[in-house]
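A, B, C and D label the chains in the order they appear, each numbered from 1.
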Amino acid sequence: MAATFQTTRRVQFAETDMAGILHFANYYRMMEEVEHAFWRSKGTSVLARNGAQEISWPRVAASCEFSAPARFEDELALMLSVVKVSNRSVTFEIDFRRDETRLALGRVTAVCCAIVEDRFQPIPIPGDLRGMLEA
Amino acid sequence: MAATFQTTRRVQFAETDMAGILHFANYYRMMEEVEHAFWRSKGTSVLARNGAQEISWPRVAASCEFSAPARFEDELALMLSVVKVSNRSVTFEIDFRRDETRLALGRVTAVCCAIVEDRFQPIPIPGDLRGMLEA
Amino acid sequence: MAATFQTTRRVQFAETDMAGILHFANYYRMMEEVEHAFWRSKGTSVLARNGAQEISWPRVAASCEFSAPARFEDELALMLSVVKVSNRSVTFEIDFRRDETRLALGRVTAVCCAIVEDRFQPIPIPGDLRGMLEA
Amino acid sequence: MAATFQTTRRVQFAETDMAGILHFANYYRMMEEVEHAFWRSKGTSVLARNGAQEISWPRVAASCEFSAPARFEDELALMLSVVKVSNRSVTFEIDFRRDETRLALGRVTAVCCAIVEDRFQPIPIPGDLRGMLEA
């Protein structure tokens, strides 16, 4: 069974646009926020260490489908599920809800990388992090 | 033959993150910027009028695949293609290049809507706008 | 005695820049976030109604001094004080703290406006809102 | 005579808010953009090198006064002036104009720093950079 996690997040004024709704690019920022909160809930960080290695998770793909607009001061539920864990990457799905209504459904795939001289080098997901994703 | 359009866009400092690269959510903002520049190049705006109707194009889906990072002060070529025009929606593809290297490839689908009492109501794409998309 | 109010706010990854710190423009967004949370704590919203009037508070000035950088995942205390209430405007001061350390000190002055045909028209602060600011 | 420099910048959709205007925090981002364009116009970058030293310019203060709103697709003139150069810092003033109308007037003070083990260490402004500021 893959990990699931939930946070709530209020829509801020600066995140709205002149159409009066949450600007669509902000959903991708929120996806990342809940992903990082997930790692914190496991007692670690998206920027973890693996022995001497510094680990980061650059995104290789992100998509989102938008069903209904969110508005200023809405309190959204962000429900994260781990939908796929492969050797070097993980795919999260994020369900954006306001009360019972789905507003958007996003997916993001991130690759486990060691940072080597400021460059990203893909590595197999370390066992302890894999365990958190598969818990 | 569907419309194509190109702009260039420099990566700004505030758009980078602590990993030293263009933060992935900003690609979605840039997709929208080139889409809006496309409409301007046709002599109109993404916020057009159709007689008494005010028209807007809310997004229903957006995705992006990231191949290589962009960095501060990089000058990116954003190449927009209209890949699908249906009765009420249009799909754009945006190819992000730095010199000959593809950094990312994005897709966004927007629905033609009339704004009625602050709400979005899908309508068939007006003929003059359709002509610009299919030119 | 003027009103005071406090929230906490975690620094998000997308808010950092390639220097590895919270980008300075985000302090202004956070100032606004705590201001809006203040209004909510009073049972109203920054977008209030005054009878038939829709009220908004555009900024006329905002400044911030930065003493020490904030970093990813820092949990900041944002302490808002109402430092001046005049006939039509209010000045808030926001003290950004990480533990006991002041990171920044900001000020923002907003003018009470009625929205009339999409334009801002300054008005005297309605009595009930004034009461909240002076409480 | 201190240096002056000018760019133009179109207001993007994602930079507007539900009040229909350019969100005030974006003025600070634009101030930084024109500052960085100024350095590029001099043949260098805000992230310069001084021999073996890597140089950065963290902000210690920024303020802005807002006179009139900017709206989507407005083309703004951003006029930068160097108003003060001291031993270790520089103050820029940025005048935001739409045609002949001043929309905002901002000031930002940045300190010349060497980056030493990921920390900012103030240093006297190197002579070649000082020359560009005072030209």
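Definition applied: a contact is a pair of C-beta atoms (placed from the backbone, for glycine too) under 8 Å apart; a residue touches a chain by one contact, two chains touch by 3 or more.
No experiment lies behind these values; they were computed from the predicted model shown.
Enquirer: Of all the other chains, whose mean CA position lies farthest from chain C?
Expert: Chain B.
Enquirer: Measuring from the mean C-alpha position of chain A to the mean C-alpha position of chain D, what distance in angstrom results?
Expert: Measuring from centre to centre gives 33 Å for this pair.
Enquirer: Between chain A and chain C, tell me the centre distance in angstrom, where each centre is the average of that chain's C-alpha atoms.
Expert: The computed centroid separation for chain A versus chain C comes out at 28 Å.
Enquirer: Between chain C and chain D, what distance separates the C-alpha centroids? Give it in angstrom.
Expert: Once rounded, the distance between the two centres reads 23 Å.
Enquirer: Give the residues of chain B touching no fewer than two other chains, as numbers and ranges.
Expert: Residues 13-14, 19-21, 25, 29, 32, 72 of chain B each touch two or more of the other chains.
Enquirer: Make each chain a node and each touching pair an edge, then name the shape: line, ring, star, complete, other.
Expert: complete
Enquirer: Across the complex, what residues on chain A touch chain D?
Expert: Residues of chain A touching chain D: 13-14, 16-21, 23, 25, 71-72.
Enquirer: Once bound in the complex, which stretches of chain D touch chain B?
Expert: 12-14, 29, 32-33, 36, 40, 45-47, 72-73
Enquirer: Can you list the chain B residues touching chain A in their complex?
Expert: Residues in contact with chain A: 19-21, 24-26, 28-29, 32, 56, 58-67, 69, 115, 118, 120.
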